[in-house]
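There are two complexes below, and they share chain A, which is joined by chain B in the first and by chain C in the second.
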Partner chain A sequence: MKIILVDDEKKFVNMLAKRLSLRKLNADVAYSGEEAVEKAARIPYDLAVLDLKMPGISGFALKRKLLEMLPEIKLIFVTGHGAIDKNGNHDHSDDIFLAKPLNIDTLIKTIHQTIHPDKQ
Partner chain B sequence: MIRKPQMLQRKEWLTFLFHRHNAHLASFHTFSNYRCIWIISIIILAVTSLSPLVMATFINQRLIQQAVDAELVLQTERVTSNAKRSMRFFLEERLNALRFIVNELPYYALIDNAHLGEILRNLKLGFGGFTDLSIIDADGSQVAYAGPFNLEGKNYKTQPWFTKSIESDNFISEVFTGYRDVPHIIIAVRSINALGRLFILRATLDTQRLMDTLLSYKTNVHTDIFLMNHAGVLQTPSSTYGKIFTPTHLGIPEFSTTTNVIPPENKSDHAFITGYSYIITEAVSTPFILLVNKEKSVVMGTWLNLGRTFNWIISISCLVMMIIITLVSTFMVNKLYLADKAKAETMMKMEQSQQLACIGQLSAGIAHEINNPLALINETAGYLKDLYHFADEHQNDQEIMEHLDDILEAVSRCGTITSQLLGFVRQFDVQTSNVDVEKLITGILNFHKKETEYKGIHITTDIAPDTPAIETDRGKLQQILLNLINNAFQAIEANGCLDITVSHLSPDHIFIEIKDTGCGIPEENLKRIHEPFFSTKKEKKGTGLGLSITYGLVKKLQGNIRVESSEGVGTIFTVTLPVKMKKEDKA
Partner chain C sequence: MNQHTIDLVNKQGLQFFGSVNASISHELKNIFAIISETAGFLNDLTQLSKQGKQLELSVLENCCNSISEEIERGFDTIRRMNQFAHSVDDPVRETSILDTLTLAVKLTGFLSFAKKTHLNETSVDTTVFTSPFLLQALTYKTLGALYKTLNAGDELTLIPTFGGPDPSGVTLVFSHGQPADLTDFPDPLTAEVADALKAVFKKTKTGLELFIPRTNDYLAAALADRQPVQKSI
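The block that comes next holds the complex of A and B.
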């Protein structure tokens, strides 16, 4: 399973990658949308964890670009804009939103659920 | 709320006079003193509408008065003048007859009693009014007499009329009784006989004839016509002053050869107008003054009554106009007040919502800025914990683990606060869509599945089958229900019950009842639960924002929230929501 984490907060995203790797989930990091697109061109990621608000390409714009390149890719949005925002943005109600600060266990659970939706 | 005209009920009349003063609200009013506006408007309306009316009435009154006076003067003058002329003619005619006799007949014919009697008879036939005739010589002794009284041989030397008549050619006396006790007038002409001696032809006139002539000018009972002498003693009877020879105590009017009218002295309607004239014949002046008295009120009664009626009509219409002015002013000022009040209330609400929006934006800004460092702290602390956890060596160092857990716990609390603060912002715009309440509730309960099983909570949902999909803001309703259900879960001990009932009792509203068998809320706290930052969840869990936000959200969705609770038994939150939100309150 190939995961990419995209966030302009370098320290945050590095730390998150390290913690995931400790839990046997290897993840690449990208500090901007452009970098993520570059990396996605080389590696077919299964899942992307995206920050909603980034300088340059925003979370939603990046989602469209990634889906163009990798139609099978699954997406989890991370937002600093408050909790349970999945329902507030009913335009994107298929997407999964998680609030910052993240709970690592919730993130891992969500990742597993997204990759294997059949397993409860 | 838009005020409809029919909603102006009786109790809302005069609200501008009896409203409670609210300084904050008053600062948004356009006008401050409605009582003052009310009084000024009544005064201005009354002055502008009533003053021309009052002025016109006053002028009209004056004109009528003047016309009445002028008419009265004219009338009196006419009557006086006519009566005077006929009086003068009456006396002159008879005086001239006597003059004709003395000039025509020789003295000896005159002193013949039989001849004199003949003359008297002819005079009575020709003129009328003669009682007797006599010839008196210069000594005052009566030489001849014809008439009903036997006065032959009398001497008149001492009589005042004789002395006067011997001094002038013609003489007319006052009315007097003399020797015979009957009121009469003496007219006399002086002449000279063949011997060169003076003699007087004297005739006595009966006053009845004079009075009849006078009374023929009396047009009505309220007009008094009489003669008086220069001393003010009545010469004919007067309906005002009494019988003949009564002193009138009237002031003797100033001598004038023409007719004069004395206008009434006082302005009252009972005043008299007096016309007078000195009666002067061509040959001699008489002692008579003719007076005509008219009572103003009677003569001009119709006019004066008309004026009075007019005054009444004007007074009543002034009164009616005052009432209408007062009512109209009151109504208009009240309308103005209500409109102003509605405007002020809207402005106050706007101010409040702007303040809230400001606070919301500020909080959201802060929350957002804090969230990123918070996330970093979270991950860093988490990583440290992971390092210790996975690196075996410190795995059993309980102290470090505890500290790291404390950090993570604190970060998580901060996260809750920031996410709720961000929730404030979302209160401000409402996006409506059709929401299936049942699905929403099921979805929320799924979040809590684990906790339900863990705590052994028994959940029942009873959703009325006729519940329609309501038009509201999905996100807000979800947050409301989530907050309430979260609260319930926190209150419920193990093996408690949570009942969620949705009913559709009135066509326009649905009721969502969330009933738990938790610890309940003490009565003193019930009033405060919607206050921001009020929390009884000590230290760890609560921010005190949950119910406050819930309350704000329900209001935003034009709904209502009610809470009933008894300590130890449980709490029921009832949310009432409109099936279809009204457009106008979206702002």
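The block that comes next holds the complex of A and C.
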């Protein structure tokens, strides 16, 4: 399973990658939407964990770009905001959101459920 | 306080407070997220150690340093939050320009679309007699609007000019060295705040200038009969 974690909080995303690695889930990291797009052009990721609010390309804009490049990619959004503002946009009604601070077990469970929804 | 000013403070003030509080809480959540993941990682290492894996001291040291840095970042954020909360203590007072700008740069730095801003602090500070809260709101909104016109990686310079050609006020020069699309700036609400402060925007080829009068008799008179608020701690 190829995973990419995208967040401009470098320490957060690096630490998350280390913790996933200890649980046998290897993940690349990108510190911006732009860097994620560059990496996705080279690597066919199965899943992306995206921060919602980032400088430059936002999480929602990155979702659109990644889906254009990798139509099968699954997405999980992570947000530090208390309430998730989907701006009434129903394109996001099926998206998965997790709040910061994350619970690693919840994240891993969500990753597996997202990749293998039929195994629930 | 006349009705117009009350409406302005209520409408703009609540919106501004909400916006700043949202960005501060977002910043704090990011800090807690880093501390939480680092603590979780330390716990992971502890569990591995119990299973016989040797711990690397440098890894533990890096984790401790990271947590310390994030706690300091959190304290700094809370200091700014407290400073911002005190901006409503006095409806009008002598207000430090450099303190106001330093706080505005810091608070707007929490916005996801923020750009790096260099505040020129070489000038001797001066004060203006105005509403500290509305001045904070105006400089915050101006920086926020300019950030939206800039490209990723662009930087902004903010130069307060005291004792310039017009000694009746202070001119704040926001510059980023290239033309910016400020067609929709100031928006109606920002223009309303500027009007209450008798502040004047002037668009330039490389950004904009904001003139703040040293005194504001209209605002002082409007706020004169307002009961003092209980000061926050």
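We adopt the following convention: the second predicted complex is superposed on the first by the 111 of 120 C-alpha atoms of A that agree within 3 Å, B and C clash if a C-alpha of one lies under 4 Å from a C-alpha of the other, contacts with A are read in each partner's own complex, and residues count from 1 in each chain.
Following the convention adopted for this analysis, a residue touches a chain if its C-beta (ideal position, glycine included) is under 8 Å from a C-beta of that chain, and two chains touch if they have at least 3 such contacts.
Bear in mind that the values here come from a model prediction, so they are computed numbers and not experimental data.
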Partner chain(s) touched by A:18 [first = chain B, second = chain C, both, neither]: both
First, second, both or neither for A:43, with chain B first and chain C second: neither
Chain B versus chain C as contact partner of A:1, first or second or both or neither: neither
Touched partner set for A:115, first chain B, second chain C, both or neither: neither
Partner chain in contact with A:102 - chain B first, chain C second, else both or neither: both
Touched partner set for A:54, first chain B, second chain C, both or neither: second
Intersection of the chain A residues that touch chain B with those that touch chain C: 9, 11-12, 15-16, 18-19, 22, 80-82, 100-102, 104
Complex contact set, residues of chain B against chain A: 367-368, 371-372, 374-380, 382-383, 386-387, 390, 411-412, 414-416, 418-423, 426, 431, 433, 474-475, 478-479, 482
Partner chain A, residues of chain C touching it in the complex: 22, 25-27, 29-30, 32-38, 40-41, 44, 48, 66, 70, 112-114, 152
Interfacial residue positions of chain A with respect to chain B in the complex: 9, 11-12, 15-16, 18-19, 22-23, 80-84, 87-88, 90, 99-104
Chain A residues within the chain C interface of the complex: 9, 11-12, 15-16, 18-19, 22, 34, 53-56, 58, 80-82, 100-102, 104
